[in-house]
Amino acid sequence: MNEGLSRELVALRVARELKDGMYVNLGFGMPTLVCSFLPPDQDIILHSEQGMLGYGGILMDESQWDVDLINASGQPVNLVPGACFCDLATSFGMIRGGHLDISVLGAYQVSEKGDLANWQRGEQVVGGIGGAMELAIGARRLIVAMEHTTGGGEPKIVHRCSLPLTARGVVKTIVTNLAFIDVTPEGLVLKEVAPGITAGEVQSVTGPRLIISSDLREMEL
Amino acid sequence: MNEGLSRELVALRVARELKDGMYVNLGFGMPTLVCSFLPPDQDIILHSEQGMLGYGGILMDESQWDVDLINASGQPVNLVPGACFCDLATSFGMIRGGHLDISVLGAYQVSEKGDLANWQRGEQVVGGIGGAMELAIGARRLIVAMEHTTGGGEPKIVHRCSLPLTARGVVKTIVTNLAFIDVTPEGLVLKEVAPGITAGEVQSVTGPRLIISSDLREMEL
Amino acid sequence: MDKVVSNLAEAVAGVRDGSVVLIGGFGGSGVPYNLIEALLAQGARGLTVVSNDPMEWFPFAEQGRAGKVISGFTSHPVRPEITQVVEEMVRSGRLEAEAVPHGTLEERIRAGGMGIAAFYTPAGVGTPVERGKEKRTFNDREYLLETALKGDVALIKGYQADRFGNVVCRLATGNRNIVMACDAELTIAEVEEIVPVGSLDPNRVDIPGIFVDRVVQAPKVVRWLVRGEM
Amino acid sequence: MDKVVSNLAEAVAGVRDGSVVLIGGFGGSGVPYNLIEALLAQGARGLTVVSNDPMEWFPFAEQGRAGKVISGFTSHPVRPEITQVVEEMVRSGRLEAEAVPHGTLEERIRAGGMGIAAFYTPAGVGTPVERGKEKRTFNDREYLLETALKGDVALIKGYQADRFGNVVCRLATGNRNIVMACDAELTIAEVEEIVPVGSLDPNRVDIPGIFVDRVVQAPKVVRWLVRGEM
């Protein structure tokens, strides 16, 4: 089995889910990369937890950096026309109140019921919740973008999360370096595989049994 | 007994309680008049429920009226330097959260325990609460400014309010056309009388027994 | 993304019978009068109208379009003839009128939009407002449980807006408009001017576009509702 | 009324041992670094520090000045050496570290300042966050009861302020500063520039002066806490 998609290509595949007029939050890590692959001809408004609606890309040119204008991962960004700011209570109200169309988060584990674990490694007493619990429950659609397995090759898509939960039954879609999977009441539906990857190979590194979609296809990238 | 102070002089006496640096809300009716008697050399910031901090006086010259700039009684006002606006949830947070130094309200009845009734006449099923319940409980000091008796000559300062309450045990000071009275744990303390009015005359139109302050004096106006 | 609609009828199209309608403004300032007229003309019935001033909800009650009103004022502060009509409608059962402390009203609306189910406030303890409500003590003080009030429709008024629905309010007109925009399934803003995307200062936007569904340009209506003596 | 103090030492004077200290900013943006340094120098001990980023509360923990921290992050997202130190302090009982969903944290702070005793939020249901908390169903959904978090002191950062304490924040720096200003007995703002009363646009003020007790001018400190890969 090849390694599947690069982090950037996972982000690109996630970006294809974003449509004109959507309000979208991109979480820490791989999800942040999605902002580099937005279609230029559509108005997709990126929300950042600290109270920003409408940032653009991450700035690479250090001469343009302004510490007063960063995303929730601490990276310097620019604004798009039509941006606005608000306080953090209002910003989390946008999340908790169901105003975001899509939230994209990373994960340590996702269960077949759509449970999400992404804030604490089991062996620790400390942990980083940040905005993840609100982002997980508040958005109309939660997409997880992550590597399909742990560094040690263990499945991250599991029957039941062994790590502390972020939220129960919230994940709608999982996009990994190997596959695009929808979480449905019937179970996990494998919709797409990465180029050169077979459904059997995806199943071999996935905990629960996958339902193979009748129109299973290779990801278009 | 003479009629005591005019409405304007009651407002003037209340205005004397306001000091530099205070944040103050003036309620509907007689309290609104207080804004005309603020000492010009002091920074007293007037709060209005709809989200305004720092208005000045009520504008008499119709050519200056702007319906986008009114106080909570609907009257056109001007701003003082250092004013600012906020939304109404925040504005009521200022009140409820204990940030106002003084709230001045009118009343139908005040009890000897400091209970306030000012939103509903007993015979009605409808009524006007407005911001009164928050203003009554939220300010550090609640001053009631009112006529000492009803139009029919009945006491408005009573043992126990017969009208529906706005809040219990909240009034700290009562200023009327006849007297300046503090509400204390020991009872109602008559501190000042209007010019030409005696303590006995005040008592004769007051329900509960008044404690005469050892330094009872005539109001300085 | 273009939230601008071309006229007031289009702005209120699709409002269903039985909707909970939130109306912005305070005391005549920042009131969406054009949208109110448009909704009256649109014809939806059995509405629950949530506003602060009787001057906004009374037309719906008087014209038999609202079965219920929720407001800080179920009487009128200075127009006894209106109070009398409302009193009679309530006594005869033709109208339900819920008087709410104004701070509680705004906090219930904010809670609805921000995903908070309920909260404890000290306003109304020891008064008729506490009837039927849970009372609970925190740190030796009593509070009432108040629940979120969700709107189906919000009619709001701004000064300027862009096609993303970002709204700027002028002077003291943000008042309740800013609070309620987040709370309705369908938030409709009337503004005096529509400006190009990118022309509003991002730090000056009062109502983020994410909360606004439709924007319509309409001339500002000025009505003085001065209460009390000048 | 003049809330301006002449230096940072004066700005943090009188902060008592055992205080609950709220620190503004988010991810290095709008962080009152000068006030943090001044409070570290001032010497108050046994503090409870409430902040979002470990980079603001960690110095208080490391220097033995905080007995408790309340934060969205009790670990550090990208610096495992800090996480390891904190983990060890918590396990040995030298530090209490309460991890809170960030939206809940801000709402608890807002509630404290706005006179709301407690509220029901859906965040944390079905997770370790619900331990010891009342769970309640509204409209078929479960919520947790969360209580107001009052601060004794808030350290905030603005761009400009006047002597009334009105504060304007630049770009995305209002973030948590706007929320917490109302919540503390003593709110102290560091700003880059103090401007004359009357020079700020009343519609552009982010933090009304009523919430601010002291203002001090201090040069902006820039620290990049970039997390994750660029």
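Note that the chains take the letters A, B, C and D in the order they are written out, and that residue 1 is the start of every chain.
Simple rule for what comes next: a contact is a pair of C-beta atoms (placed from the backbone, for glycine too) under 8 Å apart; a residue touches a chain by one contact, two chains touch by 3 or more.
Predicted model only: the values in this text are computed from it and were never measured.
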Next item on the list: Tally the contacting C-beta pairs at the B-D interface and at the A-D interface, and name the larger one.
Entry: A-D
Notebook entry, point to check: Between chain A and chain C, what's the gap in Å when you average each chain's C-alpha atoms?
Noted result: 36
Next item on the list: Determine the centre-to-centre distance between chain A and chain B, using the mean Cα coordinates as centres, and give it in whole Å.
Entry: 56
Check: How many angstrom between the C-alpha centroids of chain D and chain A?
Finding: 28
Notebook entry, point to check: Counting only residues that touch at least 2 other chains, which ones in chain B make the list?
Noted result: 85-86, 89, 92-93, 95-96
Note to self: Residues touching two or more other chains, restricted to chain D: which are they?
What the structure shows: 107, 110, 114-116, 121-122, 170-171, 174, 202-203, 206
Next item on the list: Would you mind giving me the full set of chain pairs in touch?
Entry: A-C, A-D, B-C, B-D, C-D
Note to self: Which residues of chain B touch chain C once you look at their complex with the stated criterion?
What the structure shows: 28-29, 32, 48-52, 58, 60, 65-70, 72-76, 85-89, 91-93, 95-96, 119-120, 124-134, 137, 164-168
Check: Any idea which chain C residues touch chain B in the complex?
Finding: 26-30, 52, 72-77, 83, 86-87, 90-91, 97, 99-104, 106-107, 109-110, 121-129, 170-176, 178-179, 206, 222-230
Next item on the list: Give every residue of chain B touching chain D within the complex, in rising order.
Entry: 20-21, 23, 43, 45, 47, 53-54, 79, 81-86, 89-90, 92-100, 138
Notebook entry, point to check: Which of the residues in chain D end up touching chain C in this complex?
Noted result: 107, 111, 114-122, 136, 138-139, 141, 143, 147-148, 169-171, 174, 201-204, 206
Item checked: chain C - residues contacting chain A, complex -> 1, 110, 112-116, 162-164, 166, 182, 197-198, 200, 202-203, 205, 208-211
